[in-house]
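Each of the next two complexes has chain A plus one more chain, namely chain B in the first and chain C in the second.
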Partner chain A sequence: MQEVKRKYVIPGDIVAEGNMRPLVNVFKNGNSIVATRIGITESNQDGAKVIPLSGIYFPRANDIVIGKILDHSSLSWSVDINSCFAAHLPAQDIFGRDFSPAHDDMGRQLSTGDVIVARIAIFDRTRDPILTIQDKDLGKIPTGELIKISPTRVPRLIGKRGSMIQTIEKASSTRITIGQNGIIVVSGKDKEGTTLAINAIHMVEVEAHTSNLTQRIKQLLNVPESEIESDAQTNDSNDTTINQDGINSNNNDKEMGMINSNGSK
Partner chain B sequence: MVQSRSLIDESGKRTDGRVIDELREVKINVGIVKNADGSALIEFGKNRIIAAVYGPREVHPKHMALSDRGVVRCRYHMSPFSTDTRKSPAPSRRETEISKVIREALEPALILEDYPRAAIDIFIEILQADGGSRCAGISAASVALADAGINMRDMVSACAAGKVDDKIAVDINDTEDKEGGADMPVAYMPNLKKITLLQLDGELNPNEFNTCLEEAVRGCLKVYEIQRSSLMEKYFGDEKGMKEE
Partner chain C sequence: MSLSKKSTVIVENLRKKQMREAISAGKRLDERSLDEIRPIEIELDVIKKANGSAWVKLGNTEVVAGVKVETGEPFEGLENSGAMIITAEVLPIASPHIEPGPPDEETIELARVVDRGVRESEMLDLKKLVLVPGKIVYTIFVDCSVINVDGNLLDATSYAVVSALASCKLPVFEIKDDKVVDTGKTQEPPITTLPVSVTTVKIGDYLISDPTTEEEACMDARLTITTNSKGSIVAMQKGLKGSFSMEDVKSIADKAITKGEGIRGKLKGMINIG
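Let's turn to the complex of A and B:
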């Protein structure tokens, strides 16, 4: 395994010194790499970065988000994606290229207050995010319990290759849809399962950076002892810190974007 | 300014019992306003100040937005009950000015280029005032900004120094501010070693000025340690230090 150095930092703290590449949430000041957020550092030969522990959602292209329809104009819906920018879902995305505001009734497809899972198709510094729902598992969410957590906890909630979220889904018999903007929809057959899943999610949010979290979650969910012990070995490395997938390359982002109960994307 | 009484007694104690290079007791609680994205309550001697940060969020009115960077809006406000005699809740000339200098003291620490077309709102509410409230406000706002997860180059710590009975003293209180010789609030980025605010009310000769600045910066470093430990306490609890794998 690659050697990774970790420490707790606040803005202004030195993450690493020497000729290293600054990755995310850090900047280069002379010969040192300095943290810009509160979080846990991670430095290896690729470079140095900080996994943040606080902050609101800032959109990035290709993120999977859950949003609420606020309103629509004659050409697009505006969607609240829990960020400082209102996102837009173009009507052409649903009606196709021959969309005509005169003939197609936008209110019939999506109305104010509807909740959707969407992917951020385009976003850069100069314009508001443009969404798309033309992908597998994207679109309107018909039912479920909507909860909000800090977006910085989303990678930990998903866990390595979806391990944490799959554990919660399996134990509570629910289907959980996670948006990278910190909005989560829990849909279950019964109230008990949904409540259990919500409690587990809140526990992950509060204790995201602590050790042995997976085991404590399993205890909360009443997962049989034998499974806890057999998983303890494999999960130890995951538990030492917030999972780093959240700020890696695009491939990882897609992997952690949204995971359904069967484990597929 | 005419001095009516001695502010430092024979044993070198000031009006509130401190020695000349001693700060008042400082306590910071992080995350006390649940509705805000980041917040802090600072107790700086008798000062009680809440700082709350919202953002980055949409800019209203929209014409205030900048296309290449975020805007910072700051409101320093004294509650009507924060002083001995009731203070009108309407923003005064003094509050408007302090809001501006606090904004300018915090801006150099923020990486605003990361938030184009967005706004960061900082609210500083003085619940109880006892001199040095702008410094305490800056220190609290800096902690609140870090708590809100805004990208920052460094923390900002602030502390005043001044002339009391012809001696340079650190962390001037209300009595010393009103009856003393000079008051110099300083805000400082401790890791980058840069000053972001320097004001001076009163008269100092060049030597006194240099000593005063050194004392204020020393005070800032003490405040920084408290800011740091309060943030560490909130985010990492007992798990301090470093771990390696």
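Let's turn to the complex of A and C:
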């Protein structure tokens, strides 16, 4: 296994020196790689990057997000996706190509305050992101408890190949929908399970950067001792690779998107 | 908050449902009980060039108030009283929903309600702030800036104004050869009472004290009651379309008096006055 070096940095700190490739949240200055965000560095053979510890959600095409409907014009809904960009959901996405503002009542489909899970269809940084709900498991979320966490904690909450979120879902008998923008909806049959899942999610948010988190989460969720021990071997690798999900790789995102929308892979 | 304007903060329908369920079970989304006030933090003399200042944090709502004392002409009809002007503004950094520009209705209401509480309680004995009757009086400006919005600006701003006024030091002015001279000395302000405002809102059939932004976005009606040190009601302001029954008003008034007493004790301790 390749060696991963980590340290905490603030913007302007040197992440690594030498002939390395700058990945995300860093820039190259001469022979050194310099951080642009507060976070943990990770440098290996592929290059050097910073995994941010705080920050807002920056939209990317194909991300699955949870948004709230703010209002609608005659052609689209405007959706708050917890970002500096306001997203738009075109009316044609729901009514089809023969949509007519005169005949179709947009307010009956989605009204102010409704919560939707959607995919970012188009985003190129120059215009506001366009959403779509034309996919499996996308659309309006009718029930559930809504919570917000920092978008930088989302990769840790999902875990390596969805391991963390699956552990929480299984132990609390809930279904958890995660948006890349830090909005989460927890739906469960009973109040106890939902509360347990919410507590676990908050624990991940607060302790995302610490080691052995998976083990502590399992203790919180009362996962039997035998399972904790059998998983202990993989915990370390989980913790060191947690944030690999956070890098800007499209393949990874698609995989995570499916985990989010299905609740399981 | 006017009758016509809808809150700019939109709360998700799921969250509203969560809130209603929690409230009907006697608890709020932030784990507080229905009449529990968020923790209050006060720091005095945060602005060195002001005659008095206070920073107040009520939960996540933060307000800074500054007192500046000058001399000027009295208001018409109040020739034998000092002048006091309380203003408030909500800075754009305080919330994503606030835009720069002239104050909106809510901000004007904020300044007026806070001003009314302080003025009607006669917290400052303005009659003692006269230099030349009918001509020159002390003019006290209290300017408030809300620097973070998380609901209940009325109470947070009121506590900031009261703390700043109670802890300020008035410069001693004298009249020499018909001119006002600053002697360079300071004096204690003529404080007679400590007004405390308590805001209660109605969500569905339940009464909730000290609402957060989310709760304010779901409220039907709002009632702010200010009491003085004797526990008498000195000012009131009702907001929004919703209505209160007679029992509601009585219970809100009782709460304003009992909760107000507790808050007054805290303010006294923090400001260090008897």
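Going forward, the second predicted complex is superposed on the first by the 254 of 265 C-alpha atoms of A that agree within 3 Å, B and C clash if a C-alpha of one lies under 4 Å from a C-alpha of the other, contacts with A are read in each partner's own complex, and residues count from 1 in each chain.
The criterion applied here is as follows: a contact is a pair of C-beta atoms (placed from the backbone, for glycine too) under 8 Å apart; a residue touches a chain by one contact, two chains touch by 3 or more.
Please read all numbers here as calculations on a predicted model, not as lab measurements.
Engineer: Looking at the superposed three-chain arrangement on chain A, would you call chain B and chain C a clash or a fit?
Structural biologist: Here the two partners, once superposed via chain A, clash with each other.
Engineer: Return first, second, both or neither, reflecting whether A:8 touches chain B, chain C, both chains, or no partner chain.
Structural biologist: In the superposition, A:8 touches chain B alone.
Engineer: Once the shared chain is lined up, is A:156 touching chain B (first), chain C (second), both, or neither of them?
Structural biologist: Neither partner.
Engineer: Is it chain B or chain C that touches the larger share of residues in chain A?
Structural biologist: B
Engineer: With the two complexes superposed on chain A, say which partner A:218 touches: chain B (first), chain C (second), both, or neither.
Structural biologist: After superposition on chain A, A:218 lies in contact with neither partner.
Engineer: Using the touch definition from the top, say if A:119 reaches chain B (first), chain C (second), both or neither.
Structural biologist: The answer is neither, since A:119 touches no partner chain.
Engineer: If you stack the two complexes on chain A, which partner ends up touching A:141: first (chain B), second (chain C), both, or neither?
Structural biologist: In the superposed model, A:141 contacts chain C only, not chain B.
Engineer: Thinking of the overlay built on chain A, is A:68 touched by chain B (first), by chain C (second), by both, or by neither?
Structural biologist: A:68 contacts chain C only, not chain B.
Engineer: Kindly point out the stretch of chain B, out of 4-12, 76-84, 166-174 or 184-192, that overlaps with chain C after superposition on chain A.
Structural biologist: 76-84
Engineer: What part of chain A is in contact with chain B in the complex they form?
Structural biologist: Residues of chain A touching chain B: 1, 3-8, 10-14, 25, 27, 29, 34, 36-38, 52-56, 58, 84-86, 125-126, 152, 209-210, 237, 240.
Engineer: Flag every residue of chain B that touches chain A in the complex, lowest number first.
Structural biologist: Answer in residue numbers: 37-38, 55-58, 67-68, 109, 111, 114-119, 146-155, 189-192, 228, 231-232, 235-236, 239-245.
Engineer: Residues of chain C touching chain A in their complex?
Structural biologist: Where chain C meets chain A, its residues are 10-16, 18.
Engineer: Enumerate the contact residues on chain A facing chain C in the complex.
Structural biologist: Interface residues on the chain A side: 68, 70, 80, 112-115, 141, 143-146, 185.
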